[in-house]
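Following this line, the structures themselves.
The following pair of complexes shares a single chain, chain A, combined with chain B in the former and chain C in the latter.
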Partner chain A sequence: MDVSLLIAQFMSGLSRGMMLFLIASGLSLIFGVMNILNFAHATLWLVGAYCCYTFWYVLQESALGLWVSIGLAAIALAVIGWIIEVILIRRVYDRDLPEQLLLTYAMVLIVGDLIKLTWGVEDRIIVRPNLVSGPIFLFDIPLDSYFIVVILVGISVAIGLWLFLQKTRYGHIVRAAVFSREMVSALGIPIPRIYTGVFVLGIFIAGLAGAVQAPVGSITLGMDMAIIIQAFCVVVIGGFGSLLGTLVGSIIVGEVYAFSILFWPQGALVLIFIVTAVILIVRPWGLFGTPMRV
Partner chain B sequence: MKIKKFKVLVIIFSVALLAGSASLQSALAAEPYHLGVALAITGTGALYCKDGVDAISLAVEEINAQGGFLGKHPIKLFTRDTHTKPDVAVREAKDLILRDKVRAILGTYSSACAVAIKPIAREYKVLHIAAISNSENITKINYSPYTYQVVPNSYMQAKAVVLGVAELAKRKGWKEYVTIASDYEWGRSTQQNTVSLLKQMAPELKLKKEFWPRLGETQFTSYITAIMAQKPDFVVGSVAAKDNVAWMQQAKAYGFFEKIPYPGSLISVSELIVQAKTLTRGLVGLCRAPFFAHMDNPMMANFVKEFRAKYGRYPSDWAVMEYDAVYALKQGIDKAGSIDTEKVKDAMKSMTIETTRGKLVFRAIDNQLSCSSYLGVVADDPNYAFPIYHDLVEIKGPDSWRPEAEIVDARLKEKK
Partner chain C sequence: MKRMWWLALVFIVVLILPLITGEFWVHVLVEILILGLFAASFNMIFGYMGQLSFGHAAYYGVGAYATGLLMVKGSVPLPICLLASMIVAGLCALILGYFCVRLTGIYFAILTLAFGQLIYYIIFQWYSFTGGDDGLQGIIPPDVLLSANAYYYFTLIIVVAALIAIWRISESPFGYTMRAIRENTERTRFIGINIRRYMLINFVIAGIFAGLAGALWGPFNRSIAPDLCTWHQSGIPVFMTVIGGPFNFFGPMVGSVIYTFLMAFVTGFTEYWPLTIGLIITCVVLFMPGGVLGLCEKKIRVFRSRAPQLDPIETTEGKSSGYGG
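Take a look at the complex of A and B:
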């Protein structure tokens, strides 16, 4: 088989992986720090896509309309995330996992209906600007130019999160809270504020991911449920709470999917679930995670 | 004296009887017709189904303005969301029948949902009219006398595509092809029919590979590059609704359509409208009921006028077919002279009906309407704000539906 075609397939897997990374990184961050399994993460990702559509609709005449809309959608979701954390999430920090799941699943249904009420049931389409509407050629290999944007955004978020967690004082506190929230609290650092910050950051990334996804196809109800399963696969493979794990998990899922389509199209999704199941059996805390806190 | 008393009693009794029968008659006259709608208001099929629901509402309004079915049975609509999931469709269909007491169910988007609803409709003796979902298995096998189909089925659509593709292959010297089809009932049934018909009509063509993206796929990049890696002479696609929008958008961004011919894929009026700015002009597409093909038919012209007046947009194929489904039911009831489901079901057998697409007939063996499929070239048109089909070819139902002998065979095999 032609090497250039393998590279093209690798790049398509990478773009898929980066899209999954953008969704899963916020999910993993929130679970890693706050121990909250946010089932509504992908639904908020979908809200990000719809918000992006609305901003784009208003700004579509502007040359930078799409790019400004993506930024605005992420900020809008950060605000929504803050409201949700203050009103709902902080009330279940000390509850059992099933109760947290019930709350976040209820959010899936409520937010889903709010989307329906706000944007209706019609599909929404963002028309890409000319710059990213056609193919670009890398060593004669055609690539969707918009997916270069997706890959760049994914890499930027990965580097940004890493710098934040490793190089800033706030990031150090967040990492410390992963291991011992009691110790962090004993040092006089207000844990609730840290949690609010982490939740807002996680939802900001979800909003950004949704906004970046928006011009890929049509925006429609139900997209969230299709993607959340794969996002969970990513964090199971990489390890909940591990940024590196999420990145590696996303790339594994993206590439396994891409290459199985090339060689065994019928089994593309099956392979992802087989990999996930194997990881769950052999190393339940994922490739780069640590055993879960009890 | 006794006789006088007796006369008075007889008069009172007669008056009471008359009053009673009159009130009974008026009660009967007021009996509403409960009509169920099971469509995918959310989920993958939402793009198509909103138009379907709107068209049904319009038809119901028109009929109710004349007093309802038979001029005396106002229609009461019960609309349910199947979420494009067979288990939900079954639950909602049962609920429509048992709680809302519907006499007929119009639907569905997903063929898997239609196949799931069919046995329930048969069990409870409720009419079931499939107007969007078009797997031929809805009417070919496991036959139900209660299920009718007013959309060209997957075999008819495949045959229409094959007729066009076989001609193009001969003209352009194509040898190899690949298929991409959504991995569910409709996608599989359409792909299998297309491949099998191509084998018959153009045996020199070789199928290189099959691709099966899951229903609800949002990112087709890996499929696009994998198909390009195969370097086929052409690609046959069976991807619908929002998946189709994502597939076409992303394939276009790869320059796919400039490199590989993609003839005969489903590009309904919904796609023509939604992707007006982005759709590649010159594509050879397939659709099921384009309104612009029948604007010379007064029923279609009136429907388009009323639909636009009420909803401010043009009706898609899905709207046209759901509208026809309501009027098929109306004509069945008119012919039966009753809203009794058994009588209506029997009246609709082999019935010729007036539709927006002209005068069509239900075939006796499978209750399939003799509706056409349409192939054309996507092109801009000064009369519309979206592209329509030019060089439109109408492949009539009787020229494209499966021969009756094959249906008999399939049912015999099914029994074994």
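Take a look at the complex of A and C:
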């Protein structure tokens, strides 16, 4: 086994892990604060990818077309997230878990078909700008240069979220809400507004992730289905509501996937589910979560 | 007593129906029966035990594959295949359920989902044994059951027998223990009931009936594919149960009738079936919690409370039938 192959595989696992982190962090945040497991998270991520394609298609003449479209797509998704929150999610705050789960599952079907109606069934491909189209060489090992973009975006979002949660007043409120919503609302903080903010933030990150994903390969219908289950696995492994846990969990899943492709290709996904099941059984609250809420 | 009349009427209708409809609708009826049994088995976990399983298709798929493999590779007679499917699905539910019943709520849902996907990927990747994503073709039922009507009556007998079995279980002390666990786990534990063992037994029974439903699917469809185990397939009984009403014994069956008829009807002129069912589910969740039967019961109760009350016991308690209690 060649060392350069291992390093290349490690980098590809890292970029995959970072993509999973971008999806799972929003998922984990929304679940941690609102106690709603958003099945439609990856479907909205896919909407982000398609939006990015459309913006890029309009702007492709300009030099910064792709980068501007990524930003626009993320903002568009934040707006969509806000609309969904106000119209649908707000109505099921105090419903039972199965009903909330079903509502977001129904959203998967609805949004999935709306994507089909809007963008059609054929695959969409974004032609990358020169800056990220060729390979770059790390210790003479050729790597896809776009991997670096994905990893950088992942790291910046991780740092940004960490700063937000640790250093700002709103971040403190969100962290407090993860532990006890009753206490936060007793302090006179309007919980519904916090919920809306968290949901919009989560969908914004998902949209950003989708837009960043768009130039990686072709954008295909149904891409969201495989990724949402893996994002669940990440959140379970890391622990609901824990940012560090989500980061570690996504790197674990990304690397397990990348290396099992190398050594045991049939078992790549099986292995991820086994790891998830073991963690759920031994430590249901995940590696970094706290066993507070039952 | 009044319910008995209803049941008899429904029974006569389902006996006559295939004789007056075309072959296409007979196929839809068979699908309703099979998926209805699948949904009823799911509701043993959801309705009685109060836990949402998102990987119930695993046992359905395992049952389908057990029958499919035995028939294609071993030419084993169908009745033995059905029995084998129930045993294999039950064993599967025993092994995986052992872990699942340790968790509740969202963790239960995700673990069942993860196990379901695990089974799916095993079947998907194990080319030499299961045929991978090519699935299994040529699952031909025995000669007597080759016509659509014959297979319909065969399915009807098995599904009705299975539903009666589920009904008996739900009305047994065991069934009431499950309701107690759903309503108040802590208190039930204090009475001295081994919660996990009861939940596991229930999980296994649900898996056995899901396996039976899956076993009926293969010979009906003449082929099976690993898609039968995905989480989309697991979503179908959830949808049916929610549409029909989880707190009524007939809820899953009613849901299956509505869901399957609608699907057969809607897919006739549009490919956007997911959009349609998604909107329906959204409306049910937002405006009609308790499903169609829940709504009916509420209306009947309102209607009765307006009428002069001759028999108060009958009006308050008599109507709450099935799982809800």
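The definition used in the following text is that the second predicted complex is superposed on the first by the 290 of 294 C-alpha atoms of A that agree within 3 Å, B and C clash if a C-alpha of one lies under 4 Å from a C-alpha of the other, contacts with A are read in each partner's own complex, and residues count from 1 in each chain.
Heads up, the rule we're going with is that a residue touches a chain if its C-beta (ideal position, glycine included) is under 8 Å from a C-beta of that chain, and two chains touch if they have at least 3 such contacts.
Please read all numbers here as calculations on a predicted model, not as lab measurements.
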Using the superposition on chain A described above, determine whether A:266 touches chain B (first), chain C (second), both, or neither.
-> both
Report for A:176: first if it touches chain B alone, second if chain C alone, otherwise both or neither.
-> neither
Report for A:145: first if it touches chain B alone, second if chain C alone, otherwise both or neither.
-> first
Which holds for A:217: it touches chain B only (first), chain C only (second), both, or neither?
-> first
Considering only the touch criterion stated at the top, classify A:165 as touching first (chain B), second (chain C), both, or neither.
-> neither
Determine, under the contact definition given at the top, whether A:229 touches first (chain B), second (chain C), both, or neither.
-> second
Touching A:191 in the superposition: chain B (first), chain C (second), both, neither?
-> neither
Chain A residues contacted in one complex by chain B, in the other by chain C = 112, 116, 266, 269
Residue ranges of chain B in contact with chain A within the complex | 41-44, 46-47, 49-50, 83-84, 209-212, 214, 216-226, 228-229, 242, 245-247, 249-250, 252-255, 259, 274-275, 277-278
Given the complex with chain B, which residues does chain A contribute to the contact?
-> 1-2, 5, 8-9, 11-13, 15-16, 19, 112, 116, 120-123, 125, 127-128, 132-135, 142-147, 213, 216-218, 220-223, 226-227, 257-258, 261-262, 265-266, 268-269
List of chain C residues in touch with chain A within their complex = 46, 52, 54, 99, 102-107, 109-111, 113-115, 117-118, 121-122, 125, 231-232, 235, 238-239, 242, 272, 274-275, 277-279, 281-282, 285-286, 289
Which chain A residues qualify as touching chain C in the complex?
-> 31, 37, 88, 91-92, 95, 97-99, 101-103, 105-110, 112-114, 116-117, 225, 229, 232-233, 236, 266-267, 269-270, 273-274, 276-277, 280-281, 284, 294
